[in-house]
Amino acid sequence: MESDECVIVLGEDVGAAGGAFKVTEGLQERFGVRRVIDTPISETAILGGAMGAAIAGLRPVAEMMFVEFAGVALDQLVTEAATVRYLSRGQLNVPMVLRTAVGGGQGFGAQHSQVLDHWFTSSPGLKVAMPADPNSAYHITRLAIWDDDPVVVLEHKGLYGDRGEVDLEEPPWAIGEAVTMRVGQDVTIVAAGAMVSVALAAAETNPGWSADVIDLRWLRPWDVDQVLASVAKTGVLVTVEEAGPSAGWGGDVSLTVCQTLWSRMKFPPLRVTTPDAPVPHAQELERRFLPNAEYVVQQVSSLLETGSVPLPWWEYR
Amino acid sequence: MESDECVIVLGEDVGAAGGAFKVTEGLQERFGVRRVIDTPISETAILGGAMGAAIAGLRPVAEMMFVEFAGVALDQLVTEAATVRYLSRGQLNVPMVLRTAVGGGQGFGAQHSQVLDHWFTSSPGLKVAMPADPNSAYHITRLAIWDDDPVVVLEHKGLYGDRGEVDLEEPPWAIGEAVTMRVGQDVTIVAAGAMVSVALAAAETNPGWSADVIDLRWLRPWDVDQVLASVAKTGVLVTVEEAGPSAGWGGDVSLTVCQTLWSRMKFPPLRVTTPDAPVPHAQELERRFLPNAEYVVQQVSSLLETGSVPLPWWEYR
Amino acid sequence: MSIESPEHLRRRGLASDLGRLKRMIEIREVEETIQSLYSAGEIRGSTHLYSGQEAVAVGLASVAPLGDTVACTYRGHGMALALGMEPTAVIGEVCGRSTGCVGGIGGSMHLCDPSIGLLPTFAIVGAQIPVAVGVALASAYRAADSVAWAVLGDGATNIGAFHESLNMASVMGLPVVFVIENNLYGEYSPLRWTTPLDDLFRRGEAYDMRAAAVDGQDVHAVAEALAEARSHAAAGRGPSLIEAKTYRYSGHSRSDLGLYRSADEVQTWVSRDPIGILAERIWPEGHSSRLSEMVEQVRSEVRAATEHALRPMPPIDKVEMLRHITG
Amino acid sequence: MSIESPEHLRRRGLASDLGRLKRMIEIREVEETIQSLYSAGEIRGSTHLYSGQEAVAVGLASVAPLGDTVACTYRGHGMALALGMEPTAVIGEVCGRSTGCVGGIGGSMHLCDPSIGLLPTFAIVGAQIPVAVGVALASAYRAADSVAWAVLGDGATNIGAFHESLNMASVMGLPVVFVIENNLYGEYSPLRWTTPLDDLFRRGEAYDMRAAAVDGQDVHAVAEALAEARSHAAAGRGPSLIEAKTYRYSGHSRSDLGLYRSADEVQTWVSRDPIGILAERIWPEGHSSRLSEMVEQVRSEVRAATEHALRPMPPIDKVEMLRHITG
């Protein structure tokens, strides 16, 4: 924001209060109420407003406290903002960002705990990222702000508590670029957001197999080459997602890999997901609902041992 | 409607005008303004209203002229209506129907030509159907109305012009049941909505292979058993969808089949889709954008000949 | 003679002023309990407390007969208790226990009991409003005399669902009452920052709708205004928009201490406490000692309810999370 | 001296009454041409004609300087022509030809030309309204004196986006003018069925917004009201809501013949034709022959433009449908 006057921030309680999760804390004091704008509870006007301001040359960063709230205003992003470049034949573009909190694990219940990446990843015209740690959040958000298209950044609530080093000196990352967090031989595990640390933890338990763990970072566009290269080596693909089985980026990734590396794959692709159910509130249930390192180990081990996709853990009694 | 006073119809211009596509023509004359209700242009109030009326025991059939309009009100369906049964522990349920027109081919342009089935199929709590002909539309709509959960019926605009026999005497169909339209040996082609006739036409061109053509009818829940049985026989799966590659039911179906029948599949699953782009208006472009029989033949033949997934037609110059 | 459920009996208990006073105290005590349970780490997710606004829920529940339906927000503990839900069921749910009204599956934002007319409370701002309109549509369709209630905050008057719902209810003349709990803040934002009007009931004009404001700290005033609105609706004369001017004592949710509000402002409102106002009316003299007595009694009841809610229970069956998704 | 584009010259042509009259006739002629092309099977998808409403677009375009932005609906042919788009570009686009303003990719509902301030027109009712608010936000942020215009129909005043946008624009004091083209129908539904008010400008009160109605058939009245609203906005005094009372001569779209309207109603409006009203004002005497002359002239221009738009062209490059998705 310092380097460009065009960047503004808007959303409910982003200003004086610093955001529901305190992500924008201190920004209004520093940049003033002109640039850090508290809005009414009007998601359609926030997204549409950000879109209009972006067309007019600003770089608005809109916040939606929980991704579910986009459900009252999805039109503005996926039907309007995403099509402006196309419908103007490239004469107009929409350099806006939507930052929003996603995911479960804290007992926010059925209407405040989903990821819903498929609401956005399915739209040509949008870009979608999902940082896995503070350093990622910093670099991805920068990329998102400077990009000339609408970008959605899905920030996992579970990571807001994380404290980590942010490397300000790193050369800029590239949009759509994944990173391999750990190198192994037997299986490729692809994850994003909070599931990256789950996948890493699983890989580090000495499970009897070793894994490439890839942090996808971007869900649209996603890093086909890096994933393919890894699976070409290991012959086995596992995706770990916080989403039900009939949605989520894991399906796209799995199918693309299948289609491209068919004859080199040893086993069917395994998707580790949540159950096809709303997110329950009670801790003992939500714990069982979400993938964790133990479940991932169990699922991957079973795949590698039997050569076929195991029942998910919630199906065992 | 005759058999149960609880069934009401509501939406924009469904009454006096008989609906933008004349689907509800004559209903208001027959059943009166109390049961066939013209609403303001207020999609949130229409869906929320239908939901409330359904909780209170009616069986409302809401209409949205084009599926894109649900983008201004998706919350009411996927976050509210879909979770009522869960959040009331089965004490309440929402027997509502959303009928909406989907699909391209008539030059309605980027914001009136999509299918967007993934907006609905990803929600636990909803059921989603996509009829392929008038008889299907009749039987599926009946099932939808008598079902005790929220059901979305995606009606392809291209089929409104179709005239076909409706068999009123058939025993009731089952929710989630697909139908095999044509029996073959070499490949299983699964399609839904307008793509069923495209798939059938492709299979009937004497292409040098013979296909099981399955009309999926229901996208959630979908008929896993029937599809698996067919692929177990043919060893080859092709889905034909009117949706981009990073959305749509084809991914789910393909991956489930892969995971279950891995060792019996001869080739990787092929998804015939539209390009990952907004729908263009101009006829010469829209024709190339949508799957047709010729493209399907070319794609399937290429898969069967080479054993690998071909480039889509739009990538050839 | 049919035997009434405890919840139904509790609803009827609001017929008397003493019953109303006791219920308001109960709400306050439950909310304070929840606040301390939250601090003790017993509660996950959000909680949105109702302290300060008790007269609105109790006023509404005392004029809404069984058979009416209430579509309410995440700030719903007070409404649930007022309508008749037992403290155990509220506290259990907020703590994610199987003793909760929906077995812990919902949590603080999703209380529900159809037997007292409470739909699962809505966690998306404004989402409940069109649903109440739909319930009213069904009621009008059947010429029933039940009425639907949409309860919403001041901040919710800026969301599209509010507008669409009021317009549709008005043009269709439906038996629904829209109750704005204007507590002057939407989360951390004072109304003035987000809304160009102080008197939100004036928005009724845009829908040619009967509208009024009422002192939300005075349970009698609330009950009277809502009873009138209800009769109007039940008589087929259409919806009303009633703005109850009120105040929440605590912050918006969880750990918010509400420090963005001046001590003066808080003090002014606390001096018009709805419990105090009714107690003075009931006991023109010596109300404070009698009030303390009642508070003591309720407190020990709530303490017992809390213990009951948190009593050791067998673990929730894991299958619960996969049930009741579709029929 | 910079050379102006034809579109910019056309915009400036609206400075005179003769220029405005000619443009209104052009709009009418283009719409009639489109209607016959539709009947001849040359047009796919929807068309929403503007005949009868010409004074609104021309009034707006004659007071909106280059630099202003207009967010308009699918019923946008008239606005595009008024702002300066060439008839060839409109007709070509509606017919899905490469001669269209965006090469046929958009169609009737998606006309666009940023050089004259026209955003791609919006096919979702109300979606353009918050976008105009955002453009105004950028304008205020930069202290520019450009103004944003949101053009919407009467039916669109019932959608949530309308409400949220007016509230936000008002509370932020943004330079945007909301123009309701109240043509009395939303598709086939008369306003009365869907809206409990006849005077939609009254909805401005709910946002404490400057609001007025104007005779939408009188281009002078429209221009005056909008010029005032524009000055108000540009001076930093906030948004306005202006309701232009007008009428569409044709049905809602495509093949709709508008039979749900009485012959009387149509006749009353046709007798107040915006072209006739202005012609009488320009030529207090003998206006009908001069008007016929002008119509003849415009008609032959539009005929030429149509031929130009439909002239044989090489097929559209298939790659066009895969371009300009992201940068």
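Chains: A, B, C and D, in written order; residue numbering restarts at 1 for each.
Here, a contact is a pair of C-beta atoms (placed from the backbone, for glycine too) under 8 Å apart; a residue touches a chain by one contact, two chains touch by 3 or more.
Computed from a predicted model, the values in this text were never measured in an experiment.
Undergrad: Of all the other chains, whose mean CA position lies farthest from chain D?
TA: C
Undergrad: Can you compute the centre-to-centre distance for chain A and chain C, using the mean CA position of each chain? Integer Å is fine.
TA: Here chain A and chain C have centroids separated by 36 Å.
Undergrad: Starting from the mean Cα coordinates of chain A and chain B, work out the distance between those two points in Å.
TA: Taking the mean C-alpha position of each chain, the two centres sit 28 Å apart.
Undergrad: Provide the C-alpha centroid distance between chain A and chain D, rounded to the nearest whole angstrom.
TA: 40
Undergrad: Name the residues of chain B that each touch 2 or more other chains.
TA: Correct list: 39-40, 42-44, 68, 71-72, 75, 79, 83, 86-87, 110-111, 124-125, 276-278.
Undergrad: Enumerate the residues of chain C that touch no fewer than two other chains.
TA: 103, 105-106, 110, 122, 124, 127, 158-161, 164, 167-168, 171, 193-195, 325, in rising order.
Undergrad: Graph shape for the chains shown, where an edge means the two chains touch. Line, ring, star, complete, or other?
TA: Topology of the interface graph: complete, with all chain pairs in contact.
Undergrad: In their shared complex, at which residues does chain A touch chain D?
TA: It comes out as residues 8, 34, 37, 39-40, 42-45, 47-58, 60, 72, 75-76, 79-80, 83-93, 124-125, 127, 147-149.
Undergrad: Residue numbers of chain D touching chain C in their complex, please.
TA: Those in contact with chain C are residues 158-164, 167-168, 170-171, 193-197, 202-203, 205-209.
Undergrad: Please output the residues of chain C touching chain A within their complex, sorted ascending.
TA: My answer: residues 43-46, 96-98, 103-110, 122-127, 155-156, 158-161, 186-189, 193-195, 260, 315-316, 318-322, 325.
Undergrad: Flag every residue of chain B that touches chain D in the complex, lowest number first.
TA: Residue list for chain B touching chain D: 12-13, 16-17, 20, 38-44, 68-69, 71-72, 106-112, 275-278, 280-285, 288-289, 314, 317.
Undergrad: In the complex of these two chains, what residues of chain A are touching chain B?
TA: 44, 68, 71-75, 78-79, 82-83, 86-87, 110-111, 118-119, 121-122, 124-125, 220, 244-247, 251-252, 254-255, 258-260, 262, 267-271, 276-278, 308-309
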